[in-house]
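Chain IDs A, B, C and D follow the sequence of writing; residue 1 opens each chain.
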């Protein structure tokens, strides 16, 4: 039989395939439902949530760079309560895993929001300690192993769902941060968030982004992301969700070979709304072509 | 009068324009002399030198990525002595600034080599503490503010020429490393070296590079480089030489607006041997178009 | 969706007009809506480019876009031969019709430079319902092919050029003020550089004429998901960021905060 | 330097032959040398692609390259229309002539798949000086257009196909061994996949026939400066990395260390 099983299990949560829409690029799914069947996705990581609603940063919020984009959205979101009452019920109609992506300005804010989300009908919590676009909080929590350990430990107390910690690439040594998150009780890691970057218009002499700096994503960062996923996979025992520049099935497979059990697709959604579904199909074809039966046959399969 | 002055002065060394060929992409100039007049360049940073000759890493040593390249050359070079006797005299025929790029495996190696170079007829020493492609040494010296401080301080003792310290982007906070290098006596900083990265062939399941990992350069990294140059420029008082993905005059100007007094051009040479000269012409045209008389009118001119 | 390039011609300095076969979709498009076009399969350029639909040939299922060659994306577009395939999302955005009241029978179109394109389709679609006056500004008479389409749809066309090479010398907003002194239309629809739109909003407020404007902002997804295309929209004492790609690009001018 | 596309035709499954007008440069090119071609102005693909010159029409200043469409670069090449401009560095590399002795009058060409292209120019350039025997291997007879050019230059052409659809079924090296049992030529020139070249080097050593091979390695600059294209070259007990782009691509087979 040629039966292919694309399921992956992340800390007891079953995803029908390893492809998750990445936070901040898929909103709360509604907009994409016109273009694809949300039931097909392994999971959806929703737009980064904060305890209170946020308007985000001044425009422009996007700059195209070579094979990448800088964004400086700055966590515009309706807040955790509005998410739970208005968006979550919509998402729960679909047979896909719902991952709540959480950011905050302070330990307390993280904890209160985590508690609220934990009591709601989410499937996993993704702790975003790596947003480069907010002044306080976000990235500063993910910048050192110590701060990553601390915030993970705090949030762990309020989170009874699987806790995924999303790491920043803007660190000296990803292995140390990965270990710290694992030691603090993370059930899984996701990486990478965006790289800090900047773009300038030589004619106006001004930064292109209203917020001056932004986060770099897209194909440009894939080599860096792949390296960090590979490093993290060699360091921790918990599952890793890889991302950074995944545009097609081959890209996704590279991340899995490097050690990821699942992947997230971000910037690709902005370029092609159907990207996630196309990537799922690509992975299936790769498995067929190579006689692979489960995703386990790919994950960590790098030969070197 | 429409007289444009493109000269820049870096710690007393006069460059006729702010465009320097970046280390490792220009060898010792000979190959490029077929394509351009080396006298036109502001300077040449030669291939990274080590005390003893090195063969470098196993092939393949290059992988193309989206708008970038990964290289894992691993400091193949003839050693400091051979450089001084065979290559330096050739370079000194030209009216351009010669920058000796130095790497090492140990403090001692750095110091002995620095001493030899210092006694030779170079114009500046560029201390490479950021090579990602050698096991010991290189990057490990540039990874933390402490180690950067220490090696700079050591080499400073042997270096009576202007000492440029070349920083790695693979750090948590570039400001800290920049300050450390300045405090240890660096006369100038150059940044960025390559970002750690990796590429995998999904069909063979093997890394593309013989050395598994490599350093990412080219347009893909420009936003990250620009951000780091801007950060460093706000932190230190010494001159900054910016680089990372500069392919044309506009790119160079962006780095100068962000605070660089001069730029280095690396990967662009691999794509187009005449890149440096074209960039010099582009900058001149920009100055003409904008009525600027000196490079100082550009450097640090970012409006934000 | 896949469109087929039907024509692609240089009509003014660095401005191309392209016909794209889109089939049945064509006739459903409203003025103000845009096409979000992928410029090649390469990752450089990476993002789609938003371009207004400026004319529709519903019978043949063809839409027209007119675009200025500025950077990598539009340069790629200019190189496409007839018969090439284009990856397009269309129509996106709300449209003038969605914002304006239903009973419009008199409308003034105020546009500057490449901002005239969405107004062109508005003129085409309202020509039978409403009296149209087009007040348009350009750098010089080299851009004549950009205002010519307005002539067949408008009761009157007033042109201002910056260099005075055609029509009145000066800004389009100056001509608008002169015209408003004589008569106040039911509604004004504007599109152009944000400086011009800011003046337009002031003038409309001063003369107390309802005014809708179509905004431009750098975009990502174009479908409302990524929140990068925001503009500040006032309501009562508050303001909120709204998405130009889906809440707009057409807004009431008095709601838009132009201060940035 | 700028070349103009003179022709660009699909000649075998996913294999194109392109003529490029290069003017006077064309006649100076030696077999084994390559063109380093920029594939578009975009940064994706970024690097030039090295492709061997396979044929020269010196009179008209045209060089020919034959290339297999594998990835982004060659796909771009395949899309270029006649008259398009190409940014090319050419000729690069040493050449067979630079490595081989001057007095060659008998040469066997041993090539596999897309490795036959540099040998094709070698055949063209040596046809009057030397007796040529071409021993070539392909996947199947679909690649007939790749070996046909050898027929006019060679005393004898031996074809091996993996699926037996033409000539002998099996590997080109098997045919070489059979031929060597009957006669040992003055020199062998080989090009193809590195596994094939490794066998070729062994066989040549075993039968004590001088053998030169043209290597392939991923390249950056192509002009000898970046040191990314290296291969291991033995001399006495030592080995050193040598640049395929300038020290090669042609080396004596016994000097090449194929172990990686």
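Everything below uses one rule, namely that contacts are C-beta pairs under 8 Å (C-beta built on N, C-alpha and C of every residue); 3 or more make two chains touch, one makes a residue touch a chain.
All values reported here derive from a predicted model rather than from experimental measurement.
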item: Of all other chains, the one whose Cα centre sits farthest from subunit B; value: C
item: Distance between chain centroids, defined by C-alpha means - subunit A, subunit D (Å); value: 46
item: Whole-Å gap between the CA centroids of subunit B and subunit D; value: 36
item: Averaged-CA centre spacing for the pair subunit B and subunit A, given as whole angstrom; value: 34
item: Subunit D residues counted as touching two or more neighbouring chains; value: 43-45
item: Shared interface positions of subunit A, touching two or more other chains; value: 63, 66-68, 218-220
item: Topology of the chain contact graph, where touching chains are joined (line, ring, star, complete, other); value: complete
item: Subunit B-facing residues of subunit A, complex; value: 63, 65-68, 70, 143-144, 170-173, 195-200, 202, 204-207, 212-214, 216, 218-224, 226-227, 230, 245, 250, 253-254, 257-258, 286, 301-304
item: Footprint of subunit D on subunit B - complex, ascending; value: 24-27, 31-32, 34-35, 47, 55-56, 58-64, 66-69, 71, 73, 76, 210, 218-220, 247, 267, 269-273
item: Subunit C to subunit A touching residues, read off their complex; value: 38, 43-48, 87, 89, 217-221, 223-231, 240-241, 246, 260
item: Complex contact set, residues of subunit A against subunit D; value: 66-67, 219
item: Subunit D residues touching subunit A - in the complex, by the definition given at the top; value: 43-44
